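Below you'll find a set of structures to go through.
Two complexes follow with subunit A in common, the first pairing it with subunit B and the second with subunit C.
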Partner chain A sequence: MRGLTERLYKAGILLQLLAFVLGLAFTQAAFAAEPGSLAAIKAAGKIRIAVFADKPPFGYLDESGKNVGFDLVIARRVVKDLFGREDAVEWVLLEPANRVEYLEANKVDIVFANFTVTKARAEKVDFALPYMKVALGVVSPDRNVIRDIKDLRGKKLIVIKGTTAETYFAEKHPEVELLKFDEISEAFQALTDGRGAGLSNDNTFLFAWANTNKGYTVGVPSLGSLDTIAPAVRKGNKELLAWLNGEIRNLGKEKFIHKAYAEALAPYYGNSVDPEDLVIEGGEFR
Partner chain B sequence: MNLEFMQGALPLYASALLLTLRISLLGIVLSLVLGLLCSLVLYQRERERSRALWGLGKLVCVYIEFSRNTPLLIQLFFLYYALPKLGLMLSNEECAVIGLTFLGGGYMAESFRSGLEGVSRVQFELGLSIGLKPLQLVRFVIFPQALALAVPALGANCIFLIKETSVVSIVALPDLMSVAKELIGMYYNTLEALFLLVLCYLLLLVPVSFLLTLLERKLRYAEFGI
Partner chain C sequence: MPNSGFEVLLSVNNLRRLAVGLGGTLEIALISVAIGLALGIFYGLLLTSKNRLVYGLCRLYLEAFRIVPVLVWLFLFFFGSAIVLGVNVEGFFVSVAVFSLWGCAEMGDLVRGTVTAIPLHQWQSAEALGLDKWQVLRFVIIPQALRKITPPAVNLVTRMVKTTPLVVFVGVTEVLRVGKQIIEFNMMKNPLASFWIYGFIFMVYFLICWPVSRFSKKLEERWAF
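Up next is the complex of A and B:
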């Protein structure tokens, strides 16, 4: 009798586990199908936009804790054109590896966090028209500059999880040993502590970082393919995507991305970068 | 669920599982040693009223409070990011093991102490009265009873420490949690990656929990009557 009860009990536990897993699978499907329509956003009176808090000069917090940067200048304008005022927005701060997840789980409506367009990502989210060009780079200390990927042999390269740099090195140069961090700020902390020979990320970001941090050089200025950076919406959210694309085309007519560059990036780059190497107007990338 | 992706990810999870196991084991063994030493200091302090022991005991108390009342995450942050500023550079694995030992030592010390204190005073007197030397008294009378009393708490601490390893990705160690996050970040198969993560932790912890129950039965034969 005891054996039977025990067996029934065990079967019960197994069933519960199964139900839990199935439940997970279905919730996922339900979220993916739910559209955060433009009407729903307008009814809520605010839009949720994901941005970075630790990637100056693209998305960061200033001394007063305000979200600022190149991405933010463009995102604020988008909010203003949608609602007629700039403050109808909830800024959601995230780390790079969470960008797709936050859209899929319906935590945000748009990701405006220096999001490089890649094939793998485009399968999970819908990218709008691009506003920026980017390639990868490697920054390293002046006393031991990395000028070529060959220089990395037997050394550690710091990358941030969920970035194109991580994917690039994992797939194209598996011989390079990677030291992976969740947060951008932790990764740079590790670089300055000398835990790695260099750090790889978007070259645009590294130029700005090396300009403000003495003793570091972007020894590998361009690596991999030239990619674009664009805002993204949840997969299948066609209405918001179409509106956002229209908005980016309109901004191109008044050369707004150049204005955003002058406001947020020029102070960091000075004359070291030509705006035309970085800015895309109206989503037209050749 | 994308089974092909899960199959491809298995080797990554396997090596991460080994790493998690290695750090956990090192952390558990070292924290058991540290905990035992600390509890012996506290225990002896009650019996001998020497000044040196009193000071040492105070130090142990401070350590226990400190280790039990700060999160592992913060301890790891300190070891990995703050110590280099003071000129001490530890590797990420050293940081993880030291962090776990520091945290676990406090918990283990308290568990051992409760076990030692649970052994009744009469047992000493009885032991002495049949002519046992102090070391024999500890080896054959006090320690087996104290261990039997402490083992459920010690076992719970072991499981706690294994679970706590899930934060070591903060020091860039490719443990289970870290691999799951990485796969999500690179291939965006959130459900599959997290499902494998839960499965791996179960795979790791269920046998440990089972072994601990067996150990408990074995050590507490007086109570279980086996």
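Up next is the complex of A and C:
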């Protein structure tokens, strides 16, 4: 019996070794070209850009499964200006929480995924010039539009727990009475039920909501500190960063971001929104 | 109701995309189940080793895959390989590797449990009848072990299939992710799409896992004493 089990052990060890070697071979097979520099990207003949696949209207897949959205319109143009054609790109679909890691691990060259510039992120990746700005907004019924925070005196404002809107009003305007909800759908239901005079959230989100729900207006389109949205490259990839910044400045000259807005965002936001509240041209943001 | 949301399931494009996603799910699940179960059998025999070094190493591997969540392993392999080794491994290979290793660890423990559960006298009696080592294994031990291991092994297979949606975090497109993409695309004009898409995906998982457990039940009945 011992002889048999011993033989089995040996066979087992051999198989595990084989698996390990096979694993290594797999790894070698999946080796991608040494990425990074502008020259390497050009030599590879394509650039790897990370985008969202389920965040309309910024980055999503249309009915046929094609990558579309505001970020994609700009990213396609960047690819075209780099290679002379739009299809020299590999779209890498990612989740919001992974964006920094994809750059750190060198799995993509540029992240073009509604990436809000924050101090914490800027320590790990290099942000290029911004192309969009976001702020808080307040949406309210047409019959009683809230146009200023003063209009909220003595009224209730609906916010969603854990959002920047909740923090902003608690810190900067403690005089406004807040009605808090856990879920986005609950909060909007409360607004339509008339339980609050208005609802505050990211303005981009409110524009889209007000556009599909008639009878509501984003009376306060921009509030609180403005955050910017920019593409990002791997920390220290100076060459690509410089090229990208130059590209964004050039796009500003022909007001390309406005064109991207008209193509991808206007259908979602409708005519009620002033593009100037969202778009940044040529990276110029005071 | 003008917009029940059901039409999202009638769109040929949506169904085609869901089918492609399902292909991704099945590919990873089937390859990992095959590799995991096959290696798991040998690994399980190693786990019965009396050699303390062999046993210790095997135990370490088993506990590592039991204690650390599969998602963390996926991240470790996907980002770890790139940051530490500078090697860019595709999400698909990472998924297959992690799911195979996980399947192997779990299967190994099942095999160890089953083999140790077969009483020593079964070996001894079979040898007393004049069977050689391979015959004992072939005619006495394996048939008994197989019968004992089928239910938990099938349970493991369905668990592996149901865990595959985690691969989206390493960039692999599978059926649940495609579903989410379709739901988000339809969010504004078709808010009820989520009900039908998730319902569809529920049925798909059921149709994969149910026949597997039916099959195991059949086997158990056929092998019953």
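As a working rule, the second predicted complex is superposed on the first by the 166 of 286 C-alpha atoms of A that agree within 3 Å, B and C clash if a C-alpha of one lies under 4 Å from a C-alpha of the other, contacts with A are read in each partner's own complex, and residues count from 1 in each chain.
We adopt the following convention: a contact is a pair of C-beta atoms (placed from the backbone, for glycine too) under 8 Å apart; a residue touches a chain by one contact, two chains touch by 3 or more.
As the structure is a computational prediction, the values presented were derived from the model and not from experiment.
Using the contact criterion defined above for the overlaid structures, shared-chain residue A:245 touches neither subunit B nor subunit C, since it reaches no partner. When both complexes are overlaid on chain A, the residue A:124 reaches subunit B alone and has no touch with subunit C.
Of the two partners, subunit B and subunit C, it is C that touches more residues of subunit A. In the superposition on chain A, contact of A:167 is made with subunit B only, not with subunit C. By the touch criterion stated above, A:37 is placed in contact with neither subunit B nor subunit C. By the touch criterion stated above, A:208 is placed in contact with subunit C alone, subunit B being left untouched. Look at A:61: by the touch rule set out above, it reaches subunit C but stays clear of subunit B.
After overlaying the two complexes on the shared chain, residue contacts for A:104 are found with subunit B and with subunit C alike. On subunit A, the surface touched by subunit B in one complex and the surface touched by subunit C in the other have residues 98, 101, 104 in common.
Residues 21, 24-25, 28, 96-98, 100-101, 104, 120-121, 123-124, 161-163, 166-167, 170, 179-182, 186, 189-190, 193-195 of subunit A are the ones touching subunit B in the complex.
Put simply, subunit B touches subunit A in their complex at residues 1, 81, 84, 89, 92, 169-170, 172, 174, 178, 181-182, 184-188, 190-191, 195. Put simply, subunit C touches subunit A in their complex at residues 11, 13-14, 17, 35, 39, 42-43, 45-46, 48-49, 51, 54, 75, 78-79, 81-83, 86-90, 93, 97, 123, 127, 133-134, 137, 168-169, 171, 173, 177, 180-185, 187-189.
Across the interface of their complex, subunit C is touched by residues 1, 3-5, 8-9, 11-13, 15-16, 19, 23, 26-27, 30-32, 35, 53-56, 60-65, 92-95, 98, 101, 104-107, 208, 212, 268 of subunit A.
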